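Both complexes shown next keep chain A, but they swap its partner, so chain B is in the first and chain C is in the second.
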Partner chain A sequence: MATFFGEVLSVYSRAVEEDDEDLDDENEDEQIHRAIEEKREVHIAWCPEVAQSLEGKLQCSELIIAVGTNAAGFLSAYVLNTESWDAVGHASLWNERSRGSSRQSIAPLPGEPACLFYRHRDNPAVLVCQSTCYIAEDQLFQWTEKVFGCLQKRGLSVMVLSDSPVAEYKTPDYLYGSAVPFLRSLKSSASKSQALCPALEQPNILTGLPAAVLSHCQVHQIPAVLYQCYTDVISPDSITMETYKPALLCLSKLVKLEPCLSADVLRKFAIITEAQSNLYT
Partner chain B sequence: MNWNADCEPGLILIHRFMYSSPELRLAVLQIRTPIIQTKSKKFCKLMVSWIKASGFSRTVLLSSSHAYQRDDQQLLGTPLRYLQTPSMQKVTGDRLKEMEWREMETVSTFPGVTDSEQRLYIPGGGATKGLFTDSCAEDIPLVVVLIFCSEGDNIPDAFTLLNHLNTWLHLVDAPAQMQPKWRIPASWRLLFGSGIPPALF
Partner chain C sequence: MSYDRAITVFSPDGHLFQVDYAQEAVKKGSTAVGVRGKNVVVLGVEKKIVAKLQEDRTVRKICSLDDNVFMAFAGLTADARIIVNRARVECQSHRLTVEDPATVEYITRYISSIKQRYTQSNGRRPFGISSLIVGFDFDGTPHLYQTDPSGTYHAWKANAIGRSAKTVREFLEKNYKEDMESDTDTIKLAIRALLEVVQSGGKNIELAIMKRDESMKMLAQEEIEEYVTAIETEKQKKT
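So, the complex of A and B:
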């Protein structure tokens, strides 16, 4: 779509797909559909000790979900860097953009886009989820149903940290570069917590996993807060990661933040991005 | 849900919202996102059984279709069309025809070969056709009111569709020969992106 000034905006079509429901109930078609559906199914694999206790539901008071490389990197650097966190499970799924994470039984390799769950050793009621893999639209509902299906709803509250490019942020004023990165929040109606940053303004729209999680929490009356970080850097960087710091300060009783960023952890991310961008080397 | 909900700052609005007005005896279901294609059939089935269970006396489905796929006869005159199920026909009779509303034309299944086989075709309408055909089968009084529109700024199309509906249902009072004043939802702002740099001028 072109604006008044002629620049071309990448606006997604709001028209809905061609209706293709002339698909007859032929057996062959149905078999193919079933096979595709099976292939695209989301599996949640827990480690044996958690799986054992799953017969009831997992007692969890705080679920922290980080979506995107910066949000996940923030948790790796500031929270999960201590010895007191155990990897307890992962979600495996297959779609066009995340082909690697479909191995159900094997945990993803380090550095591979994935969706991982961690639990605090001393306080098992805190569950952390790092999601860096792409989850397709048709898999989001499944993901939320399956993950929240494992958790006790009573006493649960959810926090979502999510990355977003600043180009997707809409504001009537022109956004100066110096203001970026910044944080915006959105709460489900059941959440009573005081937000630490301005609320996300209309007409901004959330998509993907953060939207799916928040919708699930809104429908099931689970208190949830989202902190969305708008950044102008594509690759993981420490300034963007630091933006999330205030969000976790309110959970300081449950989650201890590392006071200073570990250079080792940052270096790991830097190596990954360097390898991908060799345009000028 | 409050009618003004979308103007409250910080309030979360999700993919479906139900509004109701006891004075108007009206319920509005807003479907804000497209339906995942493989789930469309299931969605229609669930919607139709919900409409049936709720016992609405009549249901109006507001929708749209691609303007660029109109055939020659559809290009002439108004971009607004309607479709009604047989059981709606029993309730309203020829009321819509008397108001000079135009029924959605069928198109030939094999254009250019034979015109003997006609079918209902709503390109870009998503679940509209499925909901309509399921409602026909389930004997639900339902009217589809749709507008042909193009990609881009569809705010004028939305007003046209709403004013058109209001001439039939009189949901909002309007002075004679005038259109009612509608309140624009906050989500319609900044359709073409953020503000422009002031240094430009």
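So, the complex of A and C:
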């Protein structure tokens, strides 16, 4: 365009695609996007024996996923406490709240937030997954696709145990202290089994990994049941862990479980946080 | 809910949500029980599990406010410390001004007024504690009062606060007898109420008593164990 002073300025018109300069910017953008995608990719690492058998898909009849510290603690105390489980893999991912990608090939340290897979020695079709790390919204789909991509869909049935703060439970009635913690269930339509607690009432919703898994199961018609435990404690707590006990009824048909677990073992997972909290007396 | 953001705002249905939520903070503290007998007042608390390297005696739920008044609290430790300090100063101030020890009701009213002020102030949150205040007035009448985060206080014959308070209160309702003459019965009632909810029995209980014209006495662990044994023997005899 001509200016007042007689110069001629070249003005960019948005109506016309100008390929020359934009290409560099686009390349840079693409590079940045690719770098972010790579960084946020979800990696599932299986142990060598399992990786070999993955040429086909992994035979799995029962997948039990625990999301959250109390659900994972319950499985550790009641199920994984017996000697017959092998660690067969882990998922590593990076996001702003879970910075695990620096150790992709090495298994996470015990006690660290992580996503671990265990398989029963006598009944290798039973898989347990303990997820205590935060999985961002953009990574949930990837996680679900990659994990279920390794499993044979036929004959698969899924159980999800998940923690949630009771502050997020919406109800018209006042919740008395004695009712907490409590369980609510949600099933995929392919699931024919009887849930062991009342169904989750509207307008409550699931979010995060439990929701991603249940959605996947619903879409692919995999029978799945989810038990959501609403608790008023933010740290691992033995009473909250015990609330998952009804789920044991289903599990005991498949694997041998610790029959009458002493409260001491449960408290082992919870005791560290109890002693250190001086906030309440 | 947007009505729980600021303490000074009522919700359309008349709730002060921050005060309600402060009551929840109280439920996170361990149980404390108070019983008023004819000649003795008793406060029993569930001892908190302390870390290995922590000095046991610095974790106290029972504090004396004056020679004739003492209290137990449940809820936020730091809030309790502030209330206790202010109450202690007020007790001495009362003595100096009026030349008489403060009555239990007076100091309870003072504590409750502080708590109420914090439910009506801009930018402050309520105190997250409930307290049981016991003692004798100078005319020898025993009293037990309970305060809560809203700033209300009421006199009770026996009450419990903190975690599992409801269970303990129901036990007290069933087992409290009017005008318990015997000091032992009053103490036993407090211990029995605590044993309903305390795990692992007598070693997790702390007890303080005050008899008329005497100062507060913390019972030693052995004495508490003796009471617990006596209670268990009585229980076995009944069954």
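Here is the rule we use: the second predicted complex is superposed on the first by the 233 of 281 C-alpha atoms of A that agree within 3 Å, B and C clash if a C-alpha of one lies under 4 Å from a C-alpha of the other, contacts with A are read in each partner's own complex, and residues count from 1 in each chain.
Keep this in mind: a contact is a pair of C-beta atoms (placed from the backbone, for glycine too) under 8 Å apart; a residue touches a chain by one contact, two chains touch by 3 or more.
Because the structure is a prediction, the values reported are computed rather than measured.
**Student:** Return the chain, chain B or chain C, that is in touch with more residues of chain A.
**Tutor:** Chain A has more residues touched by B than by the other partner.
**Student:** A:Q52 in the overlay: touching chain B, chain C, both, or neither? Say first, second, both or neither.
**Tutor:** Neither chain B nor chain C is touched by A:Q52.
**Student:** Figure out whether A:S252 sits in contact with chain B (first) or chain C (second), or with both, or with neither.
**Tutor:** Neither partner.
**Student:** Applying the document's definition of touch, where does A:V219 land relative to chain B and chain C: first, second, both, or neither?
**Tutor:** In the superposed model, A:V219 contacts chain B only, not chain C.
**Student:** Tell me the contact category for A:E201 with respect to chain B and chain C: first, second, both or neither.
**Tutor:** first
**Student:** Shared contact residues on chain A for chain B and chain C?
**Tutor:** No residue sits in both footprints.
**Student:** Over in the complex, which chain C residues touch chain A? Could you list them?
**Tutor:** 24-25, 27-30, 48-52, 54, 59, 61, 73-78, 80, 166-167
**Student:** Which positions of chain A touch chain C when the two form their complex?
**Tutor:** 176-178, 232, 271, 274-276, 278-281
**Student:** Which chain A residues qualify as touching chain B in the complex?
**Tutor:** 1, 3-5, 9, 13-21, 33, 36-37, 137-138, 169-175, 185-189, 195, 199-203, 205, 214-215, 218-219
**Student:** Touching chain A in the complex: which residues of chain B?
**Tutor:** Touch residues, chain B against chain A: 6-7, 9-12, 14-15, 34-41, 64, 66, 122-130, 151-152, 154, 186-190, 192-198.
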